[in-house]
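In the two assemblies presented below, subunit A is common to both, partnered first by subunit B and then by subunit C.
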Partner chain A sequence: MSDISLIVLLPLLAAVLTAALPRQAAAIGTLATGLNAFLAANLGRQILHSGTVTEAIGDWTAPLGITFDANGLASVMLAMAAIVGLAVSLQAAAGPARAGFWPLWMATLGALNGLFLSSDLFNIYVAFEILGLAAVGLTALAGTRASLRAAFDYLTAGLVGSLLVLLGIALSYSVTGRVDMEAVAMLTQSDTGRIALALIAAGLVVKAALFPLHFWMPGAHSSAAPAASALLSALVVKGALYLVLRLSLEGGAGTEFLRNTLAVLGAGGMLWGAWNALRAERLKLLVAHSTVAQIGLIALAIGVAGNPLETGLWQAAALLMLSHALAKAAMFLAVGRIAEALGHDRISGLNREELRPGPAEFAFAIAAISLVGLPPTAGFIGKWFLIEGLIDKGGIHWIALILLGTALSAAYLSRVVSRCLRGGPHVSATARRPPWRTGDVAALGLATGALLLGLAAALPISLLETPFA
Partner chain B sequence: MSFFLPLAILMTSLGVAPVILMMPDSARRLRTGVNLAAASLKVALVAWLSYEVAHGTSFDLRHSIAQGLELHLQADALSVLFLALSSILWLLTTIYAVGYLEGGTDRSRFFGFFSLCVASTVGIAMAGNLFTFLVFFELLTLATWPLVVHRGTSEAHRAGRIYLAYTLGGGLALTLGTIWLYALAGEVAFEPRGVLGDIPETSPLALTAIFVLLIAGVGVKAALVPLHGWLPLSMVAPAPVSALLHAVAVVKAGAFGIMRIVYDVYGVETVQALGLAAPLAALAALTILWGSFRALTQDDLKKRLAYSTVSQVSYITLGVALISPVAAIGGLAHLVHQGIMKITLFLAAGNFAEGEGVKTVRAMDGMGKRMPGAMLAFTVGALGMIGIPPLAGFVSKWYLGAGGLDAGQPMVIALLAGSSLLNAAYFLPILYRGWFCAPPEGVTPGRRLGWMLAIPPATTATLVLAAGLLASAPFSPLGWTRFIVSLEYL
Partner chain C sequence: MMLFDSVIAAACLGAAAMALFARDRIAAVAAFLVMGLLVALSWLRLGAPDVALAEAAIGAGLTGALLLRSARRVPKASAKALPPAQWLGAALLSLAVSGAILWTALIVETAAIYPALVNEALPESGVENPVTAVLLNFRAWDTLLEIAVLFAALAVIAVVKPVHPRIAPLGPMMLPFARVVLPLTIFLAGHLLWQGGHAPGGAFQAGAILAGGAIALGLSGMVRPIRWGRAALAGLAILGLGAFVVAALAAELLTGALLGYPAGAAKAWILAIESALTLSIAATLLLLFIGPAERH
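Our next item is the complex of A and B:
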């Protein structure tokens, strides 16, 4: 068995094991996440060394068989899931055990890895289904009324999205007679094919929570438990975004209407999410709305990348995905710790006199720098490429929108960060500092990683530059 | 080994900042020890670097981020000017801050961000291209925000919000301008006389727009009117922060940015050919007069000093924008001269507030008797600002005036005369009250200040005197700026 199929099977195996042995779930899950990170790093090294690695399962090649395709982009995504996964596992293993978390999280990881590596539309659909169901489970895990309701909305939206994707894939099969990635380029040639592409895109838009079909998302991401929110916001929505990017790269960006729609919806999401985050009263809701805004930015980057995709612009989208994953997971973990110390997550109540700012608030502030996209973060490098590419294309209106979105993100995040800088008369002399917990280490590690990723951006960029098979 | 010195100079504050941030507040001795050791080491390293640069050694530290995107630290004569200023004043302000914040809260946070602030300034000083400059310029914004809101009052947080809105807004303009220039010209390294080649002929309009964006971006920190609104408000910060912000870190980073953009990105000839020098000079002149004018009516001592900063920093911009080597000497020398004069004034004002609780001009009566040392330092700084010979400010104004004539702009003489009159009008009443009015009835002697608060203003006042008296010595600020200007113009 090769590294490629191992990295998909290992988490799925761990999902079964953690379900069967709930007492050892934390240990097995953490071990599996560690192994997964090792495999992802190893695969990345191989790709840097010798280019895209392809594996045809059972030696059946496309269009008949199923192929896994480990290219540079997939490897960056695998690394993203692995790093976020490590931090989340660390936090979950140290925290109170919730039955069901580990099997669901392992299934999520396996589905994501499969999604990133698949070169086959039907396979992608299967991975998507597993991902969607596991994500609904993660949402419902908190067990509160709000989370159950949010999980139900999520389930409904997810099913609608899946149906659209499935319909699109069926239609595309009827047009091209194949389900591997070669089919995508053919779809733009005929009317029926373009409809198939539009159906798949619409399904992905629902799953990615792109404005205006994001209605289910803030509720789901803000009512789940912190570790689950981090996974949902940082990784699960990235699955759909990755696929939008992948389909565009494979030739799916051939229809101008789809590209423009994506960019316009992206810009809308960026502003709408920011506006709601500015008005949010609860911290988790603010962070969830910020995800709506960031997804908008990424979708905008994919939408304006043109046909064929311009290197700088689509790489910008990939870098923004990576940076957002790390920073957003850090932020949700930090918010979890803040809410734990305070007993609530109302933003106006962050100024508690008897509590000094702790490490979690520091982590939040550092993650905020990445989300705004200030140097030296990877978010900054991503925005740099994006704006540079848009200048070359003459897309001045898009640049204006991106700058507006950036300014708004600074505005809503500084609402929180300024309260993290409280002191003086707002803190009583006997105030205590919240003690360090493993969750703080995980949040701070991820946030620092997102901050320094910009300095090490050469590595993901050289991975992204690996030619596709 | 050409990378060692720039790296060491950066790390003596960038590497120290996280260490200090993590220390518990109670570890006072350890924190002070680490702080002072790092600051002293940095001064020594900068002295070594200056010696090497004067003898023609070049320094280079590069880290590639992507194709055509590189972090690059180097050290040229202009870097050394700014490095020397920030390292020496950082040492003095740190000593002062340790004394000033005695018994305060959140001191680890304060000194951690203080170090980060200086790390950004030395990064700005040593930046070898526009991208690196931008990275440290934005870091400076983030590092100073916690210092502005340090007191934690609602007023401080309001000032912090306004500060952030101004500086992040400026940062966006600078970012856009930088990316646009990179898209147009490839990597924009800093080289004497500019790096744009024949682009000014092919796309003058784009270059003009980029120039406006870049100058607006750095102009927020340089407090060019109408982008100066944050500066008087941020006076709510503790005295050492005001001193450092005004003398070294923030406004000087802005002024230094203007120098880099005009001299080492566009080059003076291109700036003049595009017709951008005259508007910049006019904006500087407007700022000089407006700042002085507003300073007249401020009763709060620190606010008066803040408006004075708005005005005085634009002397530097004026010297750059006049496109005359003589004026450039005046402007560049003023980068250092204004720094040491303004820090003297702020440290002395901090001592008035700490020692006698005096925060307004009205309450300054009899300060010469109540705190003779601090009053003497304040007087030296104020007379220097007015431009009385033989103090440092006189030297800058002399060269600016001569440069105005050299550039065929005799109006500059009138501007300098008018501004000096206004300087006198807002500084002399303070001196008069301090030396010639009797202390108010029934005032009780305030607390005695330790050496940590007394020595720094005395030292900087001595420097103000020395920079004027020894202006023609080879390593004086003036001597060094002559060296720089010979590279930019000859």
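Our next item is the complex of A and C:
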């Protein structure tokens, strides 16, 4: 049995089992995430060793059937989902049991794995449907009025996005007569094809919560439970960003206009998200707006990559996706713990006399360092690649924008970090330390991962450099 | 036939307008139901009987039943008009989508590559109906993920826990009606399932019709809600995805290809998977109607 088949089917099987056996759900789910991580690592090793692995489902080759394409980019994305998934599972398994979390999370993982590996536009659309529905459930999981409202907005925005993507795929099927990835290069040859691509891209912009179509996202990500927020912010929006990147890679030089639009929207999102994060009063909302800004940065990186077949700039986008996933998941888990210890998540109330900073605050600080992009974190490597590539290419105005975005992100994150980690006379001598919880381990583990990934960046980079089939 | 088609098209638009603007909610749902049937008829005229069947059974029938069920429970919408920005956004989106569809239909010349490929491979697929061959053989992976979509929908409903009151029997005429309809739906579902191999039909349509029969039975008051009924239904509902995943893995063990059915046995595999899916789809749709857990 091939690793590819197992990695797409195992989470779905686990989804069924966790739904059937709610009492054992945490054990089954954690086991499945562990196995998933093992499979992802194994697949990555295989790709490093012998290049892209392809598999025709049912031995029907494209365009009649659907093929899986395990290339370097897919492998990095699988690893991203696996690592974040491990930490979130750990946190969820130890935390209070929420009925319904595990089937939804396992379905999300299965959809993500299928999405990253699939080489077929329509198939990817179906995976998005699972992802979108499961994300609605994850948002509603908190059970509060606000989270239900946010889930409904999520559903509506997701449906609009799906409609646009589906319409684009239908149009591209009319133009090219096929829905496998080979169609993308053909689409860039005609006006009709480019309109089809634009429709798909518009749908993906809604799903990825890229400025200015991000309006539904901060509410959803900030009102969900911590484990769910981490999954939504770190992984679910990445599904759409991944497809944008993949389309850009498959389309070669033919999507100039779309890429420019993407870069401009990305820059807008980077600044708008940062501005809102600066003004946010609640910690979770600040982190959610920071996601808007980071998605903007990633979109900008995909947009400025130019013809991806010529420059390595697109690799910066992939690295930024990876580093954002680790840091943002760590941040949401840490915020969950901070809010739990404090009983609220108002930023103005983070200055406490009676409570010393704990591991969650520490994890938040490391994650913040990676998001800002200071060495030696993964975020630094991503931004380094991006700026270096832009210098070669002569995109000085983009560099200025990225630096402005970076300065703003440092500003809004230091609103939290400076309050959290303040010691000295502001903390009373009798202050206690918050006790360790599994949530701290998960958050700290992910933050450390973001840090270590910067030091071991050679691994994802060599994966990204494996030639596409 | 031109006249007939124009009448259907105009009636579709009329029913849609009624569904949108009717003051009474029940009237709006009724208009929606009529529109679904008219759309199904249009699909038939466009030469897509499979889509027509699915539209009639799921788009009009079950969606209509779900809407009718919710129509009374949802509080009356406020009389406030939509904010202009929202209104404008929705209008622009609808215009763009309609425009794109219209433009595709009128201008874009469809590249017909895929049907030829399907016809060429059809003898090896195990079935004679090209739609079933695509859905359960050539692109079975899509269908597996679609079943996972149904699973996710059920999981979301289980999280949201909408309030589902106990279903009250519908009056004395419902029982004789159910007595006639239920055996018919079981027969029809079995027929559609089997027919899917060589003519329009298949698991989705069969499952929807089966669910319709079960709803008629519930409304007749002939069966009392039983304690383990919902648990059994939920088990049956998630069985579909489980069976499909296990079948996919088993096929790989036998042939070395994910979802690659053993040569010569493709029809048996497809029928077995579709039978499991029919039951699972029927149970899922029924659960959507009666709710995953009883609350008062």
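Everything below uses one rule, namely that the second predicted complex is superposed on the first by the 462 of 469 C-alpha atoms of A that agree within 3 Å, B and C clash if a C-alpha of one lies under 4 Å from a C-alpha of the other, contacts with A are read in each partner's own complex, and residues count from 1 in each chain.
Methods note: a residue touches a chain if its C-beta (ideal position, glycine included) is under 8 Å from a C-beta of that chain, and two chains touch if they have at least 3 such contacts.
Here the structure is a predicted model, which is why all the values come from computation and not from measurement.
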item: First, second, both or neither for A:218, with subunit B first and subunit C second; value: neither
item: Which of subunit B and subunit C A:130 touches, first, second, both or neither; value: second
item: First, second, both or neither for A:20, with subunit B first and subunit C second; value: second
item: First (subunit B), second (subunit C), both or neither touched by A:140; value: second
item: First, second, both or neither for A:434, with subunit B first and subunit C second; value: neither
item: Partner chain in contact with A:458 - subunit B first, subunit C second, else both or neither; value: first
item: Touching partner for A:449 - first (subunit B), second (subunit C), both, neither; value: neither
item: Comparison of subunit B and subunit C by subunit A residues contacted; value: C
item: Shared subunit A surface residues [contacts with subunit B and with subunit C]; value: none
item: Residue ranges of subunit A in contact with subunit B within the complex; value: 369, 374-376, 381, 384-385, 387-388, 391-392, 399, 403, 406-407, 410, 414, 418, 421-427, 429, 454-455, 457-458, 461
item: Touching residues on subunit A, where the partner in the complex is subunit C; value: 1-2, 4-5, 9, 12-13, 15-17, 19-20, 55-60, 63-66, 99-100, 103-104, 107, 110-111, 114, 122-123, 126-127, 129-130, 133-134, 136-137, 140-141, 148, 151, 160, 163-164, 167, 170-171, 173-178, 192, 195, 199
item: Contact set on subunit C toward subunit A in their complex; value: 93, 97, 100-101, 104, 107-114, 117-118, 121, 137-142, 144-146, 148-149, 151-153, 155-156, 158-160, 234-235, 238, 241-242, 245-246, 248-249, 251-253, 255, 257-261
item: Of all residues in subunit B, those that touch subunit A in their complex; value: 63-67, 69, 71, 105-106, 109, 134-135, 138-139, 142, 145-146, 149-153, 156-157, 160-161, 164, 168-169, 171-172, 175-176, 179-180, 182-183
